[in-house]
Each structure stands twice: as C-alpha cells, then as structure tokens.
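Look for subunit A in each of the two complexes below; its partner is subunit B in the first and subunit C in the second.
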Partner chain A sequence: MDLGTLGTPLLAAALLSFLTGSLLGFSGPAASRRLARASLLLDLLGCAFLVPFALGVLLGGSGVTFPVSLPGFSTISPSLSLGLGVDSLSALFVFLLGFVGFAITLASLGYVPEYVHERPATLAGFYGLFLLSMLLVLLAETTFLFLVGWEAMTLVSYFLVVHEHGSWEVRKAGLSYLVMSHAAAASLLAGLILLTVDTGQFSFVPMSHAAALVPPVWQDVIFVALLIGFGTKAGLVPLHTWLPEAHPSAPSNVSALMSGVMIKIGIYGILRFVFLVLGGGQLWWGFTLITLGAVSALVGILNAIAQHDLKRLLAFSSVENIGIIFMALGASLVFQALGSPVLAALALLAGLFHTFNHALFKGLLFLGAGAVVGAVGTRNMEKMGGLARSMPGTAGTFLVGAMAISALPPFNGFVSEWLLFQAFFGSFATGSLATEMTFTATAAVLALASGLAAYCFVKAFGMTFLARPRSPEARGVVRDAPLAQRVGMGLMAGTCLTLGIIPVLAFPLFGGTLTELVHSGLPSYSALSWLGTLPRPSPSASGAGGTVALGVVALVLAAGILVAWALRRLGAPRPDPREAMWDCGMESPTPRMEYTASGYAQPILRIFSAYYGPREHAETTIRGGSRPGILATTGHFETEVSYPLVEQIYSPLTRSIVGFSRRFSRLQSGGIHAYLGYMILTLVVLLIAVRVAGGIFP
Partner chain B sequence: MTFFDVFSSLLLLLAEFAFVLGISPLLVGILRKVRARSQRREGATVWQPYRDLRKLFSKGTVYAESSSAVTPYAPWISLAALLGAVPFIPWFFLPGPLGFAGDLIVVVGLLALSRFMTALAALDAGSTFGGMGSSRDMWIGALAEPTFLLVIFAWGAPAGSTQASTIALYGLTLGVYQLSPATILATVAFVLLLLTETGRLPVDNPATHLELTMIHEAMVLEYGGRDLALVELGKGVRFVLLTGLLLAVALPWGMALELSVLALLVGIALLLAKLLAATWAVGQLETRVAKWRLFRLTDLATLAVTLAFGSLALTYLVGVGS
Partner chain C sequence: MITFPVLLLEIAATAVLLTAWLSLVHRRLDALVHIYSFQSLATAAVAFLVAYQYDAPLLALTGLLVLALNVVAIPWVLLRIRRELSIPPETNLFVSVRSSALAGLGCLLLSVAMVGPLTSVAEIPEAGLLPISVTVVLIGLFTTVARRKAFSQILGILVMENGVFLAGIALTYGLGLLLELGIAANLFILAVVSRLFLHRMKGSLDTVDADALRSLEG
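Up next, the complex of A and B:
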C-alpha cells in the first residue's frame, strides 16, 4: 500500500477527527464525563491518522514539498491555494505530534474523567482545538497561514492553562503567558513581515530561494526578531518566565502536551526559518544559539532543583532541555558555517533526536505527576512520599522517565546527549580555535547540567514515591492511576527504553530533514547498528570516531535484573523478611524526620548561592512538652530562592508598563460611542499616514 | 567473522568480567592494608574482603518495613551497570574483545546509572541518614561530571576519538612522547576524579563509623546480607574500573595486541602489576590527607575542572592531529 497516495485522505481524516472531537466537547453539558471521553476518543483517532500520514512522507517521499489540496477546494480556483504543504521537516514534527499526542491522548482518556473535576467536556473540546492548531502551524506553507495557526495555538493553549480559573494563581499564570506570548508574537510578526517584504514571497519555498538576496544586515535583524518570537515559545532563557508559571497551572495532560509538543513548535520555527529559509546565516548566529542554550540549560536545571512543587520542577527542567536542543542547533549552524556538513548533520541529528526524546519523557513525567497530584491533592512534594507502594504503575513509568531525562543508559536521553557530545568533540576536526574552546566549554556545561539533572530527578522521584508518606493525604492514596493513563505512560516509557537500546530505529525519520536542512544525510550506520551499536562518523581520516554498544549495556543490565528477579522468586522467603529501619538508637523515627525536598536540595542551593541568593527562614520554638526546654515543640524552616531575572528585570518592566497604561485608562470611558469614535480617528490617522508616507517613499 | 572469532571474543569478554570481579576485593584489601600500615597498625590480611563477601553472601536479607521494590533491585542494577562498563575499557588486550572497546562517554553514563540507583535506594527506607548520603553523593557526582568529560576530551583530542581503545593504541604509537604536558595535566585531573568517584579520602572516609560524616556508607546503612555483599563488591569494581581506565589510557604499554597465549599472559601479568602499584599509590595518597570539610569539596571539583581545562588549553595551542 502506497502511503503517499493515501496522504491527503489521511490528513483530511485527522483534521476532521480533531474538529468533530472539539465540537463534540463543546456541544453538551460541560460537566459530562461521557462527552469528554467521546471527544478525546476522536482526538485519539486523529492522532492515529497523523502517524501513517507523517511516516508516508518521511519514508516514502524524498522530502519534496507537495501542496495538500482538500477535495473541493482546488476546483474553486486553481490559484486559490489552501496554503498547506508538507516536507520532511514538517512531517517530522507532525509525526511527533501524532505519536506523542496519541500516547498523551490515550492517557488523557484515563486522566480527564478521573482527576479533572471542573468542566471535563470543555477541557476536551479545547484539547482537540489545541491539537488542530498545532497541526495547522506545522502544515502552514505561507507566512500568513503560519501566523494564523500560531495565534490560534497561543489562544487555545491560554484557555487550557486557565482551565481551573477559580484560583488566583492560575489566572495570574495565564495572564503572564498571554502577555509574553503576544509580545513574542509581535516580534515574530515583525520578523516575518520583514522577510516577506524583503523576499516578496509569502510561500516558504520561493521565499527560501529569494532569501539569499536579502542584505546581510536585514538577515541579522530578521534572525534576532525570529529568535525572540520562537525562543519565547520554546522557553529559552531569558524569555522563559511564562513557562514555569503556565505549565504547572494547566491540567496535567495539557502540561504534557505543552511541554512535550507545543514548545517544540518553537524549535520547528527556528528550523523552518533560520535553517531552511535563511539558509543558516552567519557564524555568530550559531554561537548565539549555543550560548543561549548553555545558559538555559544551567538556569533551567538549577531552578528545577530548588523547586518543591513537582510540576514546576518539571517545567523548569523543560527549560533545561530546550537549552540542550538549542546547543545542538547552534552547533549545527556553526559547523555549517565552517563548511563541515557531516558534523552539522551529526549535531542536528542530536538536536532533533533530543527534541523527540524530550517530548516522550517529559510528556510521560507530566502525566505521572498529574496522577500523583490528582491522588494526593497537592503539587507540593513535601506532602508526598511512599507512593511507590500505592501507585506502582505510575511509579515505575515515572522512574523510566526520570532515568531517561537524567541521560542514563540504556534510555533515549543518553543517546541524544551522547550524539551531542560527539558533535562537540568533532570541533577538534574543524581546526578553528574559537570553535574548539566554545564547544569544549559547552560540553562541560552539558555534562554539569546532566549531572544536576540526575540530582534533580533522584530528588523528584525519591521525595514523591519513596520513603514513608509525609502527609495524611499521601497516606490515604489507595488507587493507582486509571488503566488508560497507565497504558499511555507505559507506551511512552517503552519507547524511551526501545530508542535507548536501538536508537537507529528512529533514525530513518530524521534522514530527510537532515538532507533538507544541512545538505548532508544521516551518519552511516552498519548492520551492526541493529544490535545497538552506534558509530560516530569520522570527519577526518585520522579518527575512528566513537562507538557505543548500547546492546551490550542493555544485555548486562538485563542479566543483572534477571538474576535479582530469579533470586527473589526462587531463593528468598516470601514475603521478604521486614524489620524496622536503622534509627541510630533513637526513638522510632517518624516521617517528619525524613529528608525533605528542601533539605535534599540544600547543598546545591548553598554551593550555587551566588546564583540563588537563598534566603532562609527558620523559627523554632522550644517550650512545653513532657521534657521542657529540651525538645523543640514546633519548628518551621523555609528556603526562598530569589529569581534575579524576574525581580530585577521583569517586575520593574511590568510596573512601568502598568503605570504607563494607567495614564491612558482615562480613555476607557465604557461608552461604545466613544470607542467607535476612537476607531474612526485611528482610521483617519492611518490613512493620512499612508498618504504622507507614500509621498515620501514613492 | 568466523565462529572461532566469535567464540574467542566471548571467551575474552568473560575473562575480563572474571578478572575485574575477581581482583576487586584484593585491591580493596590492599588499600586497607596500606592504610593500616601507615597508621602503625598490623591490619587485616589483604584477603579479608573475600572472607567478608563469602560471609555476607551466605546470609539472608532483611528489608526496612517502609521500603519499596527499589531496595532489592538497586544493588543488582548498580553492580550490573558497573560491569556493563567493563567491555568499554581495554584491560589486557587491544582493541578489546568486541573488536572495538567502546566509548568512554558511555562509561560516564554507566557510572552515573550506578550512582543513581544507589541514591534512590538510600531514600527508599526513609531514614534521615539515607537521605543525607543520597543528597551528598549526588551533588558530588554532579560536580565531578564536567571534569570527567573534559578529561575524556583532553585524552581523546589527539587521537581523534573518545574511544578508550583508540586512545590507547594512539598512545602506544607515540611511545614515551605520549606523556605530554597536556596528558599529564588531564591525568592528574583524573586522579582527583578517581578519589571522588570511588569515595576515598579526602572526599569520603570509607572507614568512618560516624553517620553524620558519612557519604557512601550512609546510603547503604539499610542493606545487609547478600545485598550488602553486592554493594561492597560494587565499590571494589568501581575502583578497579576507574583505575583500569587510568592505566589503559595513561600507561597502555604491555597490552596484548594479538590473540596469542604468550601476549595475553604478559598483558595480564603486567596489568596485575600496574593495578597493584596504582592501588598502593592511591593508598599512600589517601593516608597523607585528612578528610575535607564537605563544602570544601567544591574546591576540589573546581581544581579538577581547571586542570582539565588547562590540559585542553595546551591541546588547543599545540593543535590536533599534526
């Protein structure tokens, strides 16, 4: 069966499923769980259609753009193009949307009816629209349609973020998201208008042909404008401040979709416009991306460590991973500018693979967090603990996600970081001193970030799932996440493991995009690759590159687990002999004496105090009780982490904007006639302006 | 690849596993002996760790009431991760039994995996000491990671590969010139890393009995019997791995380059001698320093990173692959 000819019907079916799915969600009582389930089932179907559609383009086609015409549209007028198209790059991201979206939607089928108590059907309706709008951005083939899709994506996700708008914090997070998104959209709009005007093209393919003629200065301006626009959506430091507010506020399946897929659309934008349309640009573009990426990785993970809100921790970790992806993109641009296409392809492969991997494990982690938060009723890790025994399915899959995100073998996160390290190591083959120094320093930052990520996720998993419950709510948890959610999370966890052992399974997906973007195909891999051996291409004749035998690693680990399992099944008495834990001769320890999330993170807060500026509040009362004056009766300790970026830049900025706007609030009379007057006035002024400008610049 | 090749590769691989597992208690015994002697004590015989392991293996296991499935599986996964790194380091045969001795970055990953599992298990029972050790070990490990990577880059840059076997083969072609200032600086940085990663003084005192100063010991307080034996074995294997890596890269001389009995015997004998000497040296080094205050360890990490960067700076200046 040729998937190529099936492309249009598959896409039409997907669009239709999302559309009817969301309409269904809005069609009835908002509180109806049945309606929510039906709506989500249609979304699931839509995602299922997207996967073969994208695979057909990625594996069947040779990366050519073909306009997608819906039946009926082309007959109206041949010149009226729908403005939709697919190439390898968009197909790759459509595949990401379809595959990860499928797993998240499957999990949502369990999550939404179980844990969403307010208006589940409305949530499902917006969820379908969200998928649809992201698909629209990816398929847009003209700047106009791209911006329409972009705006729709932002607005729909805003409604999802403020779904539980009863809480003030959620509304505040939503507002911050909306404002930052629109400031970024303005920058994006400016960049795209400049690009359209300078090239005289709306459509991406002719635009990329004409872009080489744009003067370099304007190319630089466009690059900066687009970087601000897409960087904000992706969560790049210092434009990330909306992300750790908005992602935790949304219902968890939406957080999963936002962190897993939506912020990747910012990456897609960079790839589409900076790599493809502008053709890679100057050397400094690449170095800018690497620097911003390295800063994002460190800032993201350091802030993640300091959190005790589980979902905020995950959101900051997304900032870290976006940083890693940006490092890879920057490295690829630098290699391209230096004329090393093989290394550029290696770095880009690392970036694309990490994009994919992060979507998988972050989606998984947010879903797991959603189940935990839903069961315990708080996002505060200090109130969790011991959930591995009451929610074993959630704990197991969350652990896989935590290990994958900590870049541990044999999981996919390790493979993408390994590829990136190899790309950085490749800088020694370029002979450029600046590149060697920057790339080795960045590699050190990446190593530190992944070490800190392991620290962060031992804390996240340990505080949430291990030890004894630290609150009555955590003790009261008796049920694991719903079956559909566990299956969805299991699907993602399984993919993380499979791609960690046999990464070359996923490589054919990236081949077309690599050729399209950096004009060099996949690094060659032999038949041995199917055993999990991954060679690094050698850019110079002298080096043999590097090889990693993931199959061997997986085999040894599997043997270890098997032996442990067999000994537990066969040799040991069942159940295990249990005793009270070692208490150092004290009275029986209570969960209050356990290490807390704040305590766990304290050393890092102290070591990096120049960054955090931690302020500690401690109060202890020593009185009363059976032994007066010896044992503290009450105590309270809290660390507060300062957030210099917000405190010193964003807050003053917000204050001045609000103050400035307040002066104009007098204009807000509330009368419609006045507003109509303003509109007429604006129109007249604009017309005069156009006239005058036309006189000056004929 | 003929059947004989596959067979001999497998045999060599098994020999390497057996060598690493077999020698690790001996090296631990030697470390203890050196330490005892330098403190004017007689100390236990160097074979004592074998006896301890036999004793522990014959005992049953007891778990804390509050622990989950992480506790029984963690020591196995942790040890398996360390053993998984064995084929990636050239021991006595180049280029290794699999025809390639894979990449050093995977060794970093596997050591991190082993640490990750131990740190999780430490949190499992909910004891305060476990949490303390877990937090400490993870941050010390995180700060050590950049050094490890930079040292790999510094060692690998001249050879054009991050593969241990390629680096070792390249070193053999250089002969004594391999000991360039850049390599020496990187190697000193690696020694600091080795002390950190294996929990020796001045980072951690493996012989301490005071819970508050413990790092690694605090993490494994809950273990007993067979599981404790695995943990102890793992500590030894970790030491052998890192020392073996250091020797393979810095002093690769004497490794078997062909599959002949004589060459292999010479390779094994030389490796044994080098390992014993290195262990003795680490023991001597260890007895000459006191344990550092916990937060002074950041200075050690910074020092190691600086040394590694210094080595790379020399590499930048001299150039690569000239």
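Up next, the complex of A and C:
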C-alpha cells in the first residue's frame, strides 16, 4: 500500500470520525440511546480506518519516521513544531488501538444501549474523545504534543471512570485515579522536561540522536522519572493502586478499553523513551524493569485470586500481565546491554506480542464480565453461577478469554509466554552468571504466576458460569448479551485462537519495531518453529535447534488424540455413565452446597498466608430440634485478606498528607480580609526579598 | 534648578500621596469618596504635567479619561450606591485609625527603602514618582484588609488603581492609550458590578459587612 497517497486521508478520516462521534454524543439529550448508538458507530468507523492505516505503515515502511501533514497541524512555530508522525512503533500501537478498539466498540454498540442506564449518549461522547486522545498520544512526534495528548487521555478516562458517579465508591475510585495520575504526570513532566532541556530537542527523532550526549547520571534520573510516570499508567506495582479501584468502577466497555489499550500506552511510553530515545541505557535499568515486573506479576495474581468481585479480579489480573510485559521489556534491555541483539529481539517480541494478546483477551474478559454484571446486577461472584445455560454466547467467549489468559495452548497467551520463557533460558548463552541466576529466578516467578493465573481463572469462569445459580438474581437471567456484543467478543475470541495456532501471522507486524528498537530483525520463524528453542546467537548453531523435535512431539500428540477419538467412535457403544448425584442423604442438593468462591480460593490463601495475612471468621449456629446438636442450621464463613502494600505504604502516606493539609487548611479562614491580608503580606515579603537578595538590582 | 512645571508636578504627586494617607485616617464614607475623587484629580494633574513636559499627547488623553471616570463618574456611582442601600455613614474598622495611620507611614518607609534605590540606577523618566506609586498601592491594599465594609474595600481597590496608574506614568510615560482605556473600562465595570454585588449582598445577608461573608462558608 502506498502510504503517501492513502495513509494521510485514512488517518484524517479516523480523526474526523472520532471527533464527530464524540461531538454527536454530546450534542443531544444525554439519555438518548439512539444518539449513543450513532456516536459509537462513528467511533467504529474511525477504528476501521486506523487498521489499514497502521498496516500500511507496518508492512510497507521499514522503521522510517515521516511526518503526517494534516491541515492545521503542520507547524505553529519553528522552534516548537506541533507535529504528528508515525513510525513502526507507533504504528504497532495504532494497530492495537484500531483493532482492539474496533472489537470493543462493536461490543459497546450492544453493551451501551442494553446495560448502561445513565446518560448513554454522554458516555459515548467521552468514549470517542478517549479513543481520540489515545490516538493523539501515539501519533505525537514532539514532547509537547505528547504531554497534551497524555493529559487529555487521563482526564477523559477520569470522566469515564466516574460515569456512574451516584455511588460513593465510584467517586472514591475516581479520586484515587486522578491523584495517582497527577502525581505520575508530574514525574513524567519532570522527566520529559529534563530530556528536552538536556538534548535541546522537542522532536523525538533528533532527540534520540542527541540523547547520547546527556550525562549518564542525568540519563538515570530521567529514566526513573519516566518509569514512575509510565509505570503508574501501566499499573506497575507499587504504583498500581488506582487500577483495581478505577477499572471495576467504570462501565465495562470502558474497563475493556482501559485495560486493553490505555494501560498499554504506558508500555508504549517506556518503549518510545527508554528504548528509542535513551537507547536502552545501562544494565541496571533492565534489571529494575525485570524486578518490578516480577513483583507486579505475583502481587497482581495473588490479589486477583482473593477477589470475589469479578471485575476487580480482572483488574488485578491486568496488573499481573503488565508485570509479565515489563519482565519481557527488562529482559530485552538486559540482553541489549550485554550485547546480544538476537535475544533482545526475542524478549521484545515476547513482550510486544503479550501486550497485543493481553489487549485482546482482557478486553474480551471485561466485556464478558460487563454482560454478566449487567444481567445479574452485582459484581459479586458468590451471587452468580449457572450462567452458562442462560448466556451461552458470553460463557463461550469468556471461556476462550480465560484459557488464553491462563496461557493454555492453543491460545495466544501461551505463545507469548512461551517466547518469553525461551528468551529467559537464552540467558545461558550470555555467559554471565549473575544474569543467568536472575533469569532462572524470573522464569520461576513467571511459571508460578502463570500457574496461579490458571487457578484464578478457573475460579472466575467456574463460579460465574458453572454449577447452579447461587442467587435469585442469577436464576432470573434469561437473555444472553446483545448480538453486537457477542459478535465483538467473538471477534476477539477468534483472534485469540487464530493467533494461538498460527502466531506467525502476526509476527511480521512486529518486525519493523524490533529493528527500530533493538537493531535486530525478527527471528525468522516458519509456521511451527516458534515452538522450538530459540535461535542461538552463535553463528555455528542453526537457527532452529529443537524445532524438529518439538514439531514431532506436537504431531505425535495430535495423532494420539486422533487415534483415541477414532477408537472411541469405532469401538462398541458404552453405556451412558450419567446417574443421579448422591445427595448426602438430603432431599436434593441446593446451590448452598456448591463450591463457593471463598472456598475455592482457600488453599492458595493458606499457602501464601505470609502475604495475605488472612483473618478467617467462621460462625455456625446449631439449633435444637428433634435431635439437637447434629445439624447446623446456619453457617457463615468469611476470609478477610490484608492488602499489604496499601496498608503499609499508601495508608500512612495518605494519612500524613491529609494531616499536613489539615494543618494548612487553617489558613483558609473563609474571611475575605484574611485573603487580602495574605496578598499584602506576600507583596511586602517579595519587595523585601528582592531588595535583600540584590541579585536583580546591584 | 526647579522649573515651574516640575514644581507643580511634585505638588501634585505629593497630593496623591497625602490623599492616600488621608483615606486611612477618615471613617466617613462620603468623605472617603470625596478624598478618592480629589486623589484622582491629582493623578490626572500628574498625567497632564508629565504629558506637557515630555510632549506626550496620548498621555494627556489618558489624563482626560481619568478626569472623566475617576474624578466624576465613579464617585458619583459610589455615592449613589451608599444612598440607595442606606449604608451607615461610617465604616467599621479592623485596625484602629491610629494604627492605620502608622501603617500608612510604614508603607511609605517600606517603599522608599525598597524601591527608592532603584530610582538612582535605572533610566526612568520620572523616577521620583515610583516610591510614591508603590506607597499608594500598598495603602490601597492595606485599606482592603483593615476595613470591614465591602464598600470601603472597593474604595481601597480604586486607590490601588490610582497607584498603579502613577507607576505606569513613572516608568513609561503612560502604559499606552489602549491599555489605559482597558483599565478604565474595567474600573467602571468594577463600580457597576460592585453596585450589583452590594445590592445582592444587602438583599441576602442584610448587611454590607464583608466579614459576614464568612457565614456562607460550607
């Protein structure tokens, strides 16, 4: 595709669609469902324009930055060019935004009119602005525009989070999000200002050329500042606290977009500035990312298991996945610093692919959760159950998402985590003992996190969809999610499966980015060779060492399944093994006898009690009857888990800030004379200070 | 050798300073409005004299503006407000008259000490006006703090503006006609808006004591 002729109109059409879509949402009565639908349709169109645009850059160009000229966007002043541009990296994320955005918007067309009861048109308006602001961040070619887009994205998503602001919890979540985002933005601003001042450049490309001249100490400072800024947005532990509050509070299609796309923009920021502009930096940068990523993965998944709120569980699982992505990015930085570009490319490929995959299945899962929560009317999994029968479409796609996020083959989650394992084991080729040990430990953490994730999603799927309804509300569900939503989720589920079976389809998308970021192209993979061990960096070994072996294993497995199936079909028909269930001598099993979410999570809570510090409350009433003291009439069991990070770091921090503010609030007497008095005091002090300092007037 | 216009200029500038100080020691609102009117007259005189001396016709135009607005129109509006709302003739004090008078002297000392040295180094046309104008600004600001009535706070702001205008003349032969026009328009709007504001305040709080605004606090 010739981008020069087609790219710019496509992009302009997308921007225009988002803009008119959001304006349309705000233009009429907020309660209008028709307006919401029309607005979302325009957003859908915009996403549809983005996909070919991004593909054109990714498959046509090769890591070249070229400014996109749009009328009015060209240049405001020569020193501060307000430029939009696109290169492989941004095109990759634009593709993510376009593709995942398309599926989520399609689902929103069903979700918003069906489940959003408050001001659907307003929601649609902000939704379009949200897409637009994310696009702006990705296309920004200067620090100035980047920051403008970044702040717009934060503010718009804040309004989306507090959409149902009638509830106190939602407002609290919004506040937490806003405060964390502002602190992060301050750090980001500091980092970018330092970078701009030290390099003397606003535009990213010349900035990356000049970045080598920045003194190493300042590079380190900039790295830390940027890591805080982007890490908060991405949801990296310990900066993630806003995420499990904000994501569940937002309407579910927004949670899908936030978890699927917005937190990935934090990843984009790291890639853009740490990898590309700063050129990867020192060894400890990579190790920092790996450590934080490993901690995030564990903290995220352990907290996810303890949740009974379906959407909160999914939010914590996002923290885990962001951790995995950060582990991959860190590994890539380490390999780059150690001079193994091939391994660096492999790790980065794993990270990018996982970014993409997580966007797909987490978007899918949040949409599924949205349908369930909308139908049952609660987010508490203990009140769900049995929904597979009443909502088969939602259950099926949710299952695909749950399996994909648990890294089970043949879904895409498995591929990216497998690639990451390969990269970790590849560290043995670097010949550095410290590195090898770190990566071995990291691989163990990744394995543990993956296992726990599977555990967690058995709970999420099982408690929600299987067995019998645990509450009258769940029993009352009669309708599946609306068609558009099921189609949107089906699109994502299908992509998860396709990319799980033939991941090489997607690999070419990452090629340009790999070359741009770590100066090593895509490992040459054929249809199956990604299953094999990694391509060795030494020239003597062949590119695909264990490919054949693994391919053979896969073939044998497939053949075995085929044979078993054939034997069963051809063999004698066996009697139907289904029998009535043993009911413990009761009249009939009731939903009260089902495995509960708390009960299911119990073993893990006990095993990791050092982390959770679980406090268990059990309570049984035994009332006398004909045979007193044998049958319990009521029983109640509850486990409270602590949230160490929040209780030990954030709560004292919040308390001290609030205390400090209280002390200052005494200045706010409310009397106008006091304020005027402050003014005169300031003026006098300034006058004296200027004189005494004498710097200005000799 | 002091020429006649320069002598007149010094007298006018001193008049501005003295009227500012007078506005601190008087309590009767009508008298305060008249003092303000007289101060504006002195300010306009300064503008005319500087305009004459440096041949700056635009500055003279600004002086006319001051004459029309600050000397005539605004005092007229203020006096009308006082009658309409039947505001008690005397203002209430946060700071006693005696202390206010001392504070006024303090303002003068402060600005002479802080801004005075500036006049000897910088090339400023009428450098002598600068400490005076800063004093007037400070006194105006002090009035807003030291007096309870919203009415006298408005007067304080008006006095401040005269000080700012004087500083403009001292530094730049006038800030430029357009800017002055804007400021003058603002002042007049201030007078009109404050009239509305005081009406509302009287209506809802039954007083024009600015301290009563405290009761609106949430």
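The working rule: the second predicted complex is superposed on the first by the 586 of 698 C-alpha atoms of A that agree within 3 Å, B and C clash if a C-alpha of one lies under 4 Å from a C-alpha of the other, contacts with A are read in each partner's own complex, and residues count from 1 in each chain.
Everything below uses one rule, namely that a contact is a pair of C-beta atoms (placed from the backbone, for glycine too) under 8 Å apart; a residue touches a chain by one contact, two chains touch by 3 or more.
What you see is a predicted model; the values in this text were computed from it and never measured.
In the superposition on chain A, contact of A:Phe428 is made with subunit B only, not with subunit C. Legend: residue contacts after superposition of the two complexes on their common chain; A:Met679 is shown touching subunit C, with no touch to subunit B. Which of subunit B and subunit C touches more residues of subunit A is settled by the count: it is B. By the touch criterion defined above, A:Val690 reaches subunit C but does not reach subunit B.
When the two structures are aligned on the shared chain, A:Leu175 is found in touch with neither subunit B nor subunit C. Look at A:Gly560: by the touch rule set out above, it reaches subunit B but stays clear of subunit C. Once the two complexes are overlaid on the shared chain, A:Leu59 sits clear of subunit B and of subunit C alike.
For subunit A in complex with subunit C, the residues that touch the partner chain are 669-673, 676-677, 679-680, 683-684, 687-688, 690-691, 697-698. If you check the complex, the residues on subunit B that touch subunit A are 60-70, 72-73, 75-77, 79-81, 83-84, 87-88, 98, 100, 102-103, 105-106, 108-110, 112-113, 115-116, 119-120, 123-132, 134-136, 138-139, 141-146, 148-150, 153, 156-157, 159-163, 166, 211, 221-222, 226, 294-295, 298, 305, 309, 312, 315-316, 319-321. Residues of subunit A touching subunit B in their complex: 385-386, 388-389, 392, 395, 403, 406-409, 414, 418, 421-422, 424-425, 428-429, 431, 433, 436-437, 440, 443-448, 450-452, 454-455, 458-459, 461-463, 465-468, 536, 538, 540, 542-550, 552-553, 556-557, 559-561, 563-564, 567-568, 572-573, 576-584, 589, 591, 593-595, 599-604, 606-607. On the subunit C side of its complex with subunit A, the touching residues are 94, 110-111, 113-115, 117-118, 121, 134, 138, 141-142, 144-145, 148, 153, 210-211, 213-214, 216-217.
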